Amino acid sequence: MAVKHLFLTLLTQNELHGYELKNGFEDLAGGKWPLNFGQVYQTLSRLERDGFIESYEVIQTDKPDKKVYRVTEAGRKHLQDWFKAEDNWNLFFDELALKIMAFDLIDSEEALTILRSYRSFILLVIKSLTRMLTEMQQGQPGTSTSPTGSANATKSSLAMLVERNLHRAEADLKWVTSMIERWQKHD
Amino acid sequence: MKPLYRTLLVIGIAMGVVATSLIFGVGQVMVMHMQERSGYDSDVYILHHGSGNTIYGMPLDLAREIRGWLPEDITASVISSDAHDAVVRIDAEVWDADVIGVDADFPAVFGMDLTNGRFFTKEEQENRRRVCVVTSDLMALFGEDALELLTVNGIEYKVIGTVQGDAGTARTPFGNYSSNTIFFPIEVWYEDFYQGEFRHRLIMQLAVHSPGYSKADLARFVSQNLIHMEDAPAIKVSASNEIGYSSWVQDLLILTGIFFVAFIVFLLAGLNIIQIASANVYDQQRVFGLKVALGALPRHLAGEITGEITACALQGGYLGIVLAGIVNTVMNQRVGQYWAAFNVFTAIAGMLLSLLVGWITAIIPARQAAKIDPVLVLREER
Amino acid sequence: MIELVDITKIYGQGSNAVKALDQITLQLKPNEMTAVMGPSGSGKTTLLNIIGCLDSATSGEYYLDGREVAKLDLKAKAQLRNEVFGFVFQAFNLLPDKTVLDNVMIPFRYSCRPRREWKQRAMTALDQTGIADLADRYPDQLSGGQQQRVAIARALANDPKVILADEPTGNLDSTTGREIVAILKSLAEKQGKIVVVVTHDGMVASQAQRILQMMDGRIIDDSKIDSDSVVFSHPSV
């Protein structure tokens, strides 16, 4: 779903062909979400089928003809609807959430082990996210400049995403630490 | 240390220094008074024209007349005031000496020694000889040769002897003779310097040496004769050590009062230091705790506290000496010649004492600093 | 090398007694940054104070490079605090009326180093935290991060073997906090010091090689962070 809407956003800025769309998306994701061409064209054909984008051929003299896409009015409206759509919060947003549902039924020791292991994991997550953030702020390789937008814009929205993840991870660390403490007290 | 504390400390120590210099000043003055009292011969009396604390002058003939009322076996001498306008030149150089007119019996009345030569005689007085006697200090200062060329208002006088100099030998209502005095025969003094015209307060007193006669006896001699005079002047008989007695007593009481007040201020200054330094230690608990964490020992902290107090003590001492100088000037005007108390020694004593008090009072705050528990004071508020 | 064996610390007496540390056994090695986490009252700061000889244990043994610390007198412990340990606090604790350079030189007052060496050593320490150009400023002219760097430089003045930091990022924003933690980490990794950081900040702990979790005066978890990173996943479409 995300791919579809971001393609539309990219197309509101410029008319692009498939390859540029792929790169644009991967830049916005900071290289952490690679796409293959199959996914790209599947998404594009669906968008075209729904009338949100339209394409035309550009005739080139020394290269094969390329297909260029542009957004339609319907497409713009669809995008606006998506931006304005209600927020939601998934109570069961990852695998651990599902494991927790089983805690009442499993051995207490096993539950503690799961929590401990998650804590080590979260610390590694925080470590990695911190490094990502530091590298971004120092302009290291790992951030890329997008041909369709300014380098700073990419960095700042990506930084925002990383910071959000970092805050969530830190909150999760607090949670899992207090859970472990609670488990210890029961012993 | 907070600037406020520093200021308070400096002011406190300055007050202590002023107080200290007052104490020393009072002490010196009292000692001087004691010495003066003991130095007087109780057989020496001063007769002067005046009432209460006021001295009028008396004409020379009145002085001679009064002398006539007293028995022959009493030694007497007229004593004048200092002739301010007389310009003394010694070896052509102007020299500001006290110029006093006396009788030939002057040294006999006060038991003064001649260290050289002789005093002038009655004959020389009657014959208006232009002779004079200087103090031994002047002789030592100028030497015989220079004193050969002594003139007053352009007239030459011959130095025929020297008396023992320095203060304390003869007491008049206007103080003791300084070591910077030249004595002249009273008639010569009168005629050469004042053209023989009597002026108010010129002849000050008649000093007599009268063993065997008490003050009451002398007063009787005087009053018996005063009855017969029209418009009799008020002649007072005082023991030489009573001169200025009433005002002296008053001043003594004031000085004693000052002594006690100064002493209390002095103690308060010490308490002030302790209190401010302790408040400072309390304020700076965290800082001291930090320093302990960095490896400071109690003696290091004590050294730092003492150092800060010492710096303030020096500033306060300096300020205190300046203030004490002002106080001294005021006291001079009020008490006059009795106040001779502010000099280098009182200043140094004040400084040293303020430093000493600073070091001693640093002991208590230093102990408080040593008791600080770094773990407690470095605790964070969450 | 720091070795604690059955260290217990009790404050107060009788019914008011509080057990701040309960039989802590622990070894700390050079080249490592260790994070100590736990809720308030878990004993983290007490542990730090005892390691740093600022406080003494009620019972148990503490060996510093094989020497028993409990046997040392006040003077020897002060010397250790001056030469072997360097403290860094949450509130920086700089002297506001002294310049940065003077602040860093304070530990020298309590050492035996001759005065002529002081300035140079202090500048070296300021270099290590990257603020040598701020030597003549006063603390109130500096940002929080800069002040903490001064505090770290002060801790480094006598080139100690152990750095003890109590919530060093507590008064800093997250970006500055990361910089400070990076400095502390390099002190362990590049200079081989033993670095112990008490923190409740997950970001700080994530940078350590070892994490101790404390509760009620005990260590309930002691794990190493071996790996450097995780592989992040993303939605399939």
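Should a chain be cited, it is by its letter among A, B and C, assigned in written order, with residues numbered from 1 in that chain.
The rule is simple: a contact is a pair of C-beta atoms (placed from the backbone, for glycine too) under 8 Å apart; a residue touches a chain by one contact, two chains touch by 3 or more.
Just so we're clear, the structure is a prediction, and the values are computed from it rather than from any experiment.
With centres computed from CA atoms alone, C is the chain lying nearest the middle of all the protein shown.
With every chain reduced to the mean of its CA atoms, the largest distance from subunit C is reached by B. Note: centroid distance subunit B to subunit C, computed from Cα atoms, is 69 Å.
Rounded to whole angstrom, the centroid-to-centroid distance between subunit A and subunit B, based on C-alpha atoms, equals 98 Å. Centres computed as Cα averages put subunit A at a distance of 38 Å from subunit C. Considering their complex, residues 40, 45-46, 49, 52, 54-55, 74-75, 78-83, 87, 89-91, 93, 95, 106-107, 109-111, 154, 166-167, 170 of subunit C touch subunit B. For subunit B in complex with subunit C, the touching residues are 286-287, 290-297, 300, 374-375, 378-380, 382. Residues 37, 39, 175, 178, 182, 201-203, 205-207, 211, 213, 215, 220-221, 223, 225, 227-230, 232, 234-235, 237 of subunit C are the ones that touch subunit A when the two sit in their complex. Subunit A contributes residues 1-3, 29, 32-33, 39, 43, 116, 120-128, 130-131, 133-134, 137, 166, 169-170, 173-174, 177, 180-181, 184 to its touches with subunit C in the complex.
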